């Protein structure tokens, strides 16, 4: 079997989830290429070596430009901080490599637009790791929507609630905390959490035409880990918006890191003429479904435990009733990407899909500043 | 409209739920008789007067025999302690009064058998307040069973869990605590809690043929409130049994007052060939229903919020989505009783139904003592 | 005991809930006045008589002006359509009657302002039936907030979702459907559903300073029941807004009658520095509470079943584990109102509280039209 | 790092979960030995080769005796049908190999006793794959019990409900269906499902002293896949028992494959003097916990989402809020086994633990036949 030789940039949380996907996908899915973990790249050679040893990468690099130059690498996977996505992706595309990139694609739509241009000019397969599109319950929802089970859509709502930055003592910047550093992250919860909600929404419910948003930074100053100084916080701690979709439906979106008691509560709900559905990342294999056709007196929301073989991806895993985990969403995305490669097809979310989300997050931040409704470029 | 003149014995917790039912039923249901709260009877005249004033009883009695002798009373309602049911009910029947009696009917089947004989000999309408048969969700379950939606029944399970007697410092006997005094109550959780589970089960799933049971008294001695002495505890604190129903299904039943964290957790579940259902008193207007005919990929347990007009009793109350409470089960039972009176019909649970439950609780206690399977008289 | 003689205007759904409250409150609460159901007023004499017979009103009127003139009435309770609130309340106040009024107070803040002026000029006790302030779980939340258990508040979110107007075939206007007639109702879901969410929010979380809103009318034309013609629909079918509270917290609010599968899903959540809470009208006696002080490894959201005697109002009802219903919120409000009367105190929600909500709903509708952030008058 | 060379027997469902554990454990846990997948053994060479290719086994065998003879194998892992456990385990032990064996250990206690004798005589590390001991939520419960958070235990209850054999058309025997063939499986749900419940219970709550059981075979005859004939069904389709534990607590256990709507609903609950807990395999990372010390008015069951770094095993996985799956329980068990190897310690469940469960399942089947309480050998 032909090999798909992977070079990974970054060894943090996302470096782990991606590496796990590269290793697990071929054991559970029938893939047309054999993934080979060729090299991992990180500035700190010691850590890169340890990571390589743990995950089975054959070699390391300490400069991503070197990694891209390597002839024995087919695919560059970007799992490093947001401020690095743009340059690495464009260089990789120019070198003719396939590119997979952690979300958000760019720190803003301007960066993302150039990244899209690069991969499309180079004609290389590309993907953004909006992994929640590969939760079996979410895929089931997509299929039901595509099958017309919902009819006209009236409402969409999504939120992503966390609580890990409430303490004033939490510093910003540096390892593990770069998401609080606006220069590195690009934005706060808007690009980190809302971006997930938006990507799923665009996939499920089509384009967003205009938004009215508000953002807030609750803790105004934090010590910066790299400079050691107390500095203004540049990110948004919370971000919410109203919007209208192209299909005429209305929506509310919200994300925050100040919702005490919630760790990663990404929820979404869609209300259509004939059906409604609800999903919650904290209980990610339950799919709540209401079908208006159900008989009156026993009409109710169904709690669908998505673990059966006739439900998306589940035939590849265990037996009915037995759940999979969070990391499986990455395995699914990688498996789909590789299968599409074999078929000569494209599978989303592509860089172009990532740009669409960045257009929305840009509009959200713009609206929060302008205090007006802002339209979303299509 | 003809009056239905009621004489109540007892003014405790059940005296309140029954009185509320007498007052509320005619406001929400179209009844053929007008309930009149004629008299309440209790040994303590002061308390009887206060109770009468609060609930609108026209008069009081301090001797239940006097109450039964009154010509202006049509129905004797027994809400006093278990040890009084037998004598009052039989005397009332002999006097030609209709009789409603709190559950359990007798302290044992021997008492209950005589009570049944008395009302049947007198030909008077009679009812036992097994109120959970009138929870809308439970009635809905009954209708689905009668409609054949479940097919062959394989399993039934019920439990009733409380935690209010865990403390060793809780005394036994006397007001509010007579349920711990075996002479007054007849038994512990078997007659108090399991009896509810059994009555519903007999109604829904038919007769029980044999049982294997165990009981336990965790706290062996308690101070008795009336004698002031530490005395052995005669009741069962916990009671569980396996059984077989006449329809071939298997069941487990359990009740206890030592299940920390549960106040009145009566749950029941039934598994049939084509469908299953689950109900829980702590969430009494939800009905969990699984229908095997539902389409595969969106197959799931439905959470049916029983508040719609096409669901049992609910047309009489508010609007969809708005719940009723615990006390409404008594209102429903009284309304059904009065409507059946008007129609010249009988509506369960009758005294004969109450006897059937006492047969099972007797068999449970006998099996716990004999450590053998015991058959249930039919 | 001194009587509190009540004259009710309107016999619809709210006429029933109010009447039930008048009858039930004195049986469960120790009140300083004895409520007397003196008269019910409705244009249709037959229906008024039937209603009076059912609920025990001593007499009827067919003109509310007559009702107000009666010397034997102390309190005018307004349960008629929104377009009648203003005139009746003002006339009642001028006649020196106490006034209780269904929500929303006015069809808009202009009406409400005059109503407040009237009752305050007359110095008569007054109340608006924002009954959800009297759900035991919501009161518990209020007490915890007042006790400082939450610390700084970051987020509030509320929604009220229904699905009863999705069909295009549903007519507008006339009996049972006046809520779809903008002239009668004043607005659609904004005044009907969002108003509830707003009242509770103002009570729990303080004033709202500014809003950005959107509204939508999904079905543009409906047959009008009174004219028989197809006419434009003037109400808002859905309404959502972002806002900021005076305490610096951010919020999202949403209401709709197009959320398939939801009958009366009023939910609210509040996230504070030290604690969070969630409540849901479909499960109205559960209170979800997260306390950051709970020990780490067993940290979790508590599902508090609000049925114990140490929880608001519950000592008056049954025993732990046994629920009350929707209508009890009206009983509680009336009991509180009467107890405050006896104490010479004022208890909210007063007309002034009702005006505060109308200020917010006005700002919501204004913002939806202007497409700008609008400030809320204080 | 020293290698731990593994030889696997069987390539079915459990062969997959074990192989996945061997591969994943070293990537997420710091292990003192490096697992090497040396060989997989199965009678069908083609299938063995395919399995080896997929999972990375270096070689195959078609006779398990050959596998045991190999010098390059340190550990024999038995994932084949129940009827093979006894002979393979004893031969492996005699050859000085470590042995891991799928549950149940033997088809009965007689087989299991000989297996224990063999591994203990040989002094080889051994383990039975009762994987549910490694669910983080269940481990958390064990720690809380060990820390005395529950006080005296009053009640334990467990059930394991499935629905996959309801159809009369399902054949028995042969690949994928050997669990219905009593000669191969040893028993039906008693050894398959109840055994899981019993193992966890013995671990959490100590020894079981006596049982009273009932079993049922609902479908009496099925076509046998291997003989092609309709033959009597020898397994138990459902099995339930009452029991008493050595610590004085009472319990109910139930398992069935005829509970429509349930796929793998293993639930357990424990009620102690100070606390109660509940767990459910369908929502395996929630731990429901009630602590009697919680403040009265906000007392409630906590829903603990076991995904935080301070909860068992979770530091090795993702970040708070993000779940793991079913297969991780096997990874945890293997990681614990290897770490114990490095420490020269023993970690349960050992073969001796497996025997203890077989003693209980034997007593259950004996009691179901004798219709008496049967004591459990200690």
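Note that the chains take the letters A, B, C and D in the order they are written out, and that residue 1 is the start of every chain.
The working rule: a contact is a pair of C-beta atoms (placed from the backbone, for glycine too) under 8 Å apart; a residue touches a chain by one contact, two chains touch by 3 or more.
Not measured: the values here are computed from a predicted model.
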| item | value |
| --- | --- |
| Pair joined by the larger number of C-beta contacts - A-B, A-D | A-D |
| Centroid-based (C-alpha) most distant chain relative to chain B | A |
| Inter-centroid spacing, chain C versus chain A (mean Cα positions, whole Å) | 41 |
| Chain A and chain B: spacing of chain centres that average the CA atoms, whole Å | 55 |
| Distance from the mean Cα position of chain D to that of chain A, given in whole angstrom | 36 |
| Chain A: positions in contact with at least two other chains | 262, 301, 305, 308 |
| In the complex, chain C residues that touch chain D | 140, 143-144, 287, 289, 291, 294, 296-305, 308, 310-311 |
| Residue ranges of chain B in contact with chain D within the complex | 154-155, 157, 159, 161, 163, 166, 212-214, 216, 218, 238, 240-242, 244, 248, 250, 252, 254, 256, 258-262, 271-276, 290, 292, 301, 371-373 |
| Chain A residues touching chain D - in the complex, by the definition given at the top | 13, 17, 20, 23-24, 26-27, 54-55, 162, 164, 262-265, 281-284, 286, 305, 307-308, 317-328 |
